[in-house]
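Sending over a structure as structure tokens; questions will come in a sec.
Should a chain be cited, it is by its letter among A, B, C and D, assigned in written order, with residues numbered from 1 in that chain.
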Amino acid sequence: MNKPVAPAAVESVPAKAGGVRAFWSWLTSAGRAQARQPISGAELRQARATFRECLEGKGGEASARRRVESLVALYRRLNDPGRESVLALLAEEFGPDELALNRAIQAYLDAPQGGERRQAETQLRLALASPRIRILRQFNLLHEGVKFLVDVRADVLRQLRERPALAALDEELAALFSSWFDIGNLELRRISWSSPAALLEKLIAYEAVHEIQSWRDLRNRLDSDRRCYAFFHPRMPDEPLIFVEVALVKEMADNIHHLLDEEAPAFDARAAQAAIFYSISNTQAGLKGVSFGGFLIKRVVEELLAEFPRLKTFATLSPVPGFRKWLDARVAAKDQSLFGRRERERLCREAGAAEPCDAFAQLMLRGFVAEAQPPESLRVALMHLCARYLVEEKAAEPGGAARPLDPVARFHLGNGARLERINWLGDTSPRAVKQAAGIMVNYLYKLDDIEENHEAHARDGRVAISDAVKRLLRKPA
Amino acid sequence: MNKPVAPAAVESVPAKAGGVRAFWSWLTSAGRAQARQPISGAELRQARATFRECLEGKGGEASARRRVESLVALYRRLNDPGRESVLALLAEEFGPDELALNRAIQAYLDAPQGGERRQAETQLRLALASPRIRILRQFNLLHEGVKFLVDVRADVLRQLRERPALAALDEELAALFSSWFDIGNLELRRISWSSPAALLEKLIAYEAVHEIQSWRDLRNRLDSDRRCYAFFHPRMPDEPLIFVEVALVKEMADNIHHLLDEEAPAFDARAAQAAIFYSISNTQAGLKGVSFGGFLIKRVVEELLAEFPRLKTFATLSPVPGFRKWLDARVAAKDQSLFGRRERERLCREAGAAEPCDAFAQLMLRGFVAEAQPPESLRVALMHLCARYLVEEKAAEPGGAARPLDPVARFHLGNGARLERINWLGDTSPRAVKQAAGIMVNYLYKLDDIEENHEAHARDGRVAISDAVKRLLRKPA
Amino acid sequence: MNKPVAPAAVESVPAKAGGVRAFWSWLTSAGRAQARQPISGAELRQARATFRECLEGKGGEASARRRVESLVALYRRLNDPGRESVLALLAEEFGPDELALNRAIQAYLDAPQGGERRQAETQLRLALASPRIRILRQFNLLHEGVKFLVDVRADVLRQLRERPALAALDEELAALFSSWFDIGNLELRRISWSSPAALLEKLIAYEAVHEIQSWRDLRNRLDSDRRCYAFFHPRMPDEPLIFVEVALVKEMADNIHHLLDEEAPAFDARAAQAAIFYSISNTQAGLKGVSFGGFLIKRVVEELLAEFPRLKTFATLSPVPGFRKWLDARVAAKDQSLFGRRERERLCREAGAAEPCDAFAQLMLRGFVAEAQPPESLRVALMHLCARYLVEEKAAEPGGAARPLDPVARFHLGNGARLERINWLGDTSPRAVKQAAGIMVNYLYKLDDIEENHEAHARDGRVAISDAVKRLLRKPA
Amino acid sequence: MNKPVAPAAVESVPAKAGGVRAFWSWLTSAGRAQARQPISGAELRQARATFRECLEGKGGEASARRRVESLVALYRRLNDPGRESVLALLAEEFGPDELALNRAIQAYLDAPQGGERRQAETQLRLALASPRIRILRQFNLLHEGVKFLVDVRADVLRQLRERPALAALDEELAALFSSWFDIGNLELRRISWSSPAALLEKLIAYEAVHEIQSWRDLRNRLDSDRRCYAFFHPRMPDEPLIFVEVALVKEMADNIHHLLDEEAPAFDARAAQAAIFYSISNTQAGLKGVSFGGFLIKRVVEELLAEFPRLKTFATLSPVPGFRKWLDARVAAKDQSLFGRRERERLCREAGAAEPCDAFAQLMLRGFVAEAQPPESLRVALMHLCARYLVEEKAAEPGGAARPLDPVARFHLGNGARLERINWLGDTSPRAVKQAAGIMVNYLYKLDDIEENHEAHARDGRVAISDAVKRLLRKPA
């Protein structure tokens, strides 16, 4: 399966420590939130009975709504093991009728080619339509039903590793969502300082790349030289599904701190020549595998061009979340191929160490401590190694083709962007230093080339890179 | 399969002669409409190529949109055989990968119970997901895409009898629609004289039970003592999917002409005690089998009660579309059991005929000709026979249970209503005389009993009838 | 006073026979409408008391609303003399406090120049603020209050000639309306076939130039090559104040029947080079003197240019409502200067009459009877005389400058348009023949010249005319 | 004149120190805001010329809009003396034509009673209509024009004392606003956490009674047991004109800190029996004298009752802004009547002072310093004196009747409320201690009595007080 990469999982690999959690505990202030509870035997029996009633479909819409409401109320008050029991019940007892399925399989195998085979195929498909999914679709009757199911799938995904029997349920929910959250059903909306505060505080909670520090920080990100867009679904009108923050600037930005500086004067947006996508966050864990990131960027480019016809450059300013993890492992393994010959000598000399990898590790330790300015030798080594990491390190996909190891690179390069520039000290926050030695990257969305890049990448994994990056790839002497 | 009965197919069995057709030819006035054309070999090859490109998914959303736009344009300009070729192409060449499907079947048959079986089931389901449906779902990208697919299915349904290979396509579209047009996604809207004229003229076109004669007739049906409600889907915002017309009156109405009389003064709606549903029309042939009629009536009852808390009675004033067809066949077969002994004599005497069925046929001919007042003997016989027809004549469903033969009775009784009253000369229009000897029927929606009636009917086909109808069932002496 | 000319009073001098009346009697069908009644002594005393309570302002908003509601109910059920009594009561008993006014006058006359004079002026203005207008402004509390006052002023205007004491009331209402209906408060809305039917039927009722015959006629006027715009006020959201109908065509239209032909195919609006304003109707008699006609045309030109950038020509196709009235009077007075010397001979010869005016009158009678084609000699004479009428016949305004006698000419030429073309047999309906011998006129709104034309006309009454019209002005030999 | 008291002027007498100013300097951060500049001779001549062009009305709407836009731009960049010059120009050179006015006065004085007098009155009124106001009304053409004029009047009001010649301009703007901002034109809207952040930050800026400390404080004030309502005008859609904050609680609140406590759990609003209006703020200085405070409270009571039918008590929790100012003056003047005989002895003894007023002053100083708990003797004296201040201290109005000296009391008692309870230490913030020795007051809006209270107060200045307050009025022994 060629599951698209979700950008948030990507641009923010180690999930924001405390952010969302702290926020939610504020929303549902400790005193009021009730502890979730285990499920009782009676409750489990009741759940089974209610599932059955959902299938029998007694009464009209009102009865159906009452039934799913009671299930929502039960599920919401259960703790994790309790929820797991309910999901397991659903997965195991409300699958397709195996007898009917076997009959349909036999009929299919027996059918001659042509019309009869088509009809047998249809019967087989109907036999596979599970009672589970008929139950789940009834939650759509509730105002909050779609959001509820999305949250249920987030639970399923968490438990999937330990409970493979939930796979069918997961796949059915994913199929349902890929129909419901079809791009044609999504609405692109601009989010601005005139948006409801209740929506804006969700941005604060969900922002997964560069944490929003305060309402003032948020206001700055929605100033006249900034844009923010999100996809919404009509059945979850108050929940952004994914959002992107854009800065309108003179030229391709190389430093996130400049963009987020609240004291900097606003730029005259009409004079902007570059639009920098500096943060993309998915918000719904339960929509994993339902892809809209690529659509979002392309639609936002259209919106921006309509408003600012002078824009020439569309690029991201992105983190490199996996760089240090990869690099530190290589260094620990004393991989001599990391450095050129003369470089090795220089490193040893500078660090006063015998072995180049040790030397490098020591220099890293010193160079990034206490806001020291890392030395030139470190800059040269890291810029080269980062280019190598982004362009040459691949992971094989289930399907087959090798894709970039770095998840953000995988997302943007797969989307048709070009790896344009690697920026030294683009983000010197502790987290960025820990993840990427402070390096940030520009992926360029060049309108004329996107399609070709996308296809070359899809076909044989080729990635588009600029001349500057090509130069960085040459190993320093 | 327990496919719900669509009410319009029902309340208007012989489709409105000329109505819709005349209307559309007005809309697209003869001079302007272009004749639809046959498909060329090149066009068919192009269609095949475009279908393939849809699956390959080259380019972004814009490319995808251009592709389906070109398919829509092609399809729209084709004549019926041309469209059939395109649909056949889709049905036959873009089904599931048979090899992969057979592998998945084998894996399923081999899998042990439990988690592994669940995973095999999931794989089987994925293997069945046909390329066809992936193509069709891309039409959702277009503003008019949902309506286009609904119209395509109308074409499929028309061709289905002669081309059974289209069954799989039909089933896939039906499954897609039953997800898209889920009741949770529908919006109930009141239609009034303040609705857009462009919407109101669709009521004129779509009204399938009692034809709307003019804008003045329409205005009368939207007066202060009338209500009209329809279901809409957000992706087809200008198309009512089904609509119902309601009259607010003093008591249960027995005559359609009184309700539609443009000269009658408006009733003070706040004093109304009865709400009469006198017309329900489905509008989209392509949504056959996607049921919302029952939901509509129940939701409208809620709306009406909220606005007029004094309402006591909710009932229909409905046609009996199949009565004469059934009766005439029996009479032609000289079924002696139709009439009581003394009745037979009376009929022969009145008609001056030797055989009671012949006599009856002659009396019918005379009684309803030239707006004559049919004689009492005819009234007695027809009221009894109509009760018998509605209550006792059944048709076996595919699933098993016997359901009323009359489609309107099947719809309302299955919905939980009670057959309340049979009204002599309730509709003396030529069409109603031809279908039902001028008889109309009230089905009563008694809020407390709906659920029980619905279930008794679902369980063992029992129908709820009033004492008055019970009396009519006794054969006249 | 330099009161602007209201276009409807103009483009439709003899009010539409039966149109509005017939419509309203349909709306409020005879059986339901209650006859309006005379006022009783008690009712008049009650009105006086309620007016006083309005001024005392007892209670809060709810009491104030109840008071004006009772006044509205009273007024609505009164017949014309009854309404007149109420208005007279208001005009005569609720004027400014004369004592206080005289004191304020004295103080003003005594005040020295400068700040003190300014304060005295302020006190004088306050002393003039009449209780009447404080009462009337309270009707604004009602949802329908603004429309009510507009209708009240229509009553005042009708009675003004016979009751000069209503002049103060009229002026106060006019001042109030010119504040409320300030152009900044009006909203330009496009009216289309997607507008509410309840609004569209008002177009049918209000259209004052070319009567709308049917819903089908209306639909044709809202087709893809037509536009209709109206001004609305937020407090009368369902009432168009003035509306204009526009045809998008290839070139300047010369014949109204072609524009209104329901059988003609729709023109591709994107290819249109000319926008023809073929009907402008004011709808509210009570807003006489509150001018928005000129604004409307200029705003609509902006809207059209935004939608159709290729448009080159903006022109009207207008009636000449006063032509025959002027001409017939001259002919009756045997004005020999109407015709050239040889023309006189020709007319006498053709008509077989001794005197040219008699001859002309006879030819007119024959030429336009029974759809006969009028002879060439008539065409030549009438085209010349119409040009003369439009350009040379003036009426002195109260202020001073001479303005065109023809009201439609006065409106458009005063607005900055140019008299562009006179069209023979542009409208052969009986009404147009009776008013203008079937002639129609194009006034051209040339964007670059409007302002200059407007000012030349405002300064010294000069009118802009085309070369073609100049040629027509030369007397035929 | 009986000008209504504007509540904000009232509930927040010493304008929020720094609040709005600080906010605006944040909005238009120092670096970006341009310093306002003096007017040049050329600019003043240009302004005069543009004013004249406004009156001549050359060109159409677009020209008129350009003219006023240039005036707005000029005015906005001027410093205070520059603006004053422009306003003086307008006031002095664009008043009514004195000659015409004198003629109209003479005609009025000469006219006989009846119709002719009415017409002369009309002519006089027209002669008084100043060119100034015709100019000002053209600003209505601009999107921001209404807000601009409101801000201009704020400037006029500030300069009025030193420039009495601006009085006429002030009165004309006030008259214009009282027409534009008529209660019938205002829209009551609920403000909630789902309102635009750009609106919510205005609450933060404008709150004039209990300063909003942070977004979290604001969020707390919009929680489920709180309501906030504001009046808006359609031409200033983003500017609340006046807003009120309401707490839904169990019983009449006596302490503002409890209401504003962010840590307190939300109360179940459906169980609330009392609605406490704890803050009312006017926001537009330029709308002084245009009253909507009374309407607001009564409309909000209606809204609340519709949502929460169980509410029994509607009351304010209000400051007493003038108490200390009055009291301190009396104490300074050694007014012996402030205290009872035995009280005087007790005060002297407690303070160790010879004179009771000195003693009281010393006790006040000590009692409220450093959050000390003031002694019982102080409580007794202050509660009595506050009741006396509120009930017995009056100021004569221009019109005649004596009204409460305290501005908040004047507003609520004039509105029909009852002085219900005086709360010791209801607000211990430094500002409240300085203004009112920490005392807060409940004014009760008892629905059945409002009208009677309002009228008794309007008639003879009587105020409604509870038994508890009556008891406090008795001088302590």
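Side notes on the structure shown:
We take it that a contact is a pair of C-beta atoms (placed from the backbone, for glycine too) under 8 Å apart; a residue touches a chain by one contact, two chains touch by 3 or more.
Computed from a predicted model, the values in this text were never measured in an experiment.
Distance from the centre of chain A peaks at C, each centre being the average of the chain's Cα atoms. Rounded to whole angstrom, the centroid-to-centroid distance between chain A and chain B, based on C-alpha atoms, equals 45 Å.
Chain A and chain C have CA centres that are 63 Å apart. With touch defined as above, chain A holds no residue shared between interfaces to two or more other chains. Screening every pair of chains for touch gives A-B, A-D, B-C, C-D. Contact residues on chain B toward chain A in their complex (touch as defined above): 58-63, 91-92, 95-96, 105, 108-109, 114-116, 118-119, 121-122, 124-126, 128-129, 137, 140-142, 145, 163-168, 171-172, 175-176, 179-180, 182-185, 234-235, 294-295, 298-299, 416, 450-451, 454-455. Contact residues on chain C toward chain B in their complex (touch as defined above): 29, 31-32, 192-200, 215, 219, 263, 265-266.
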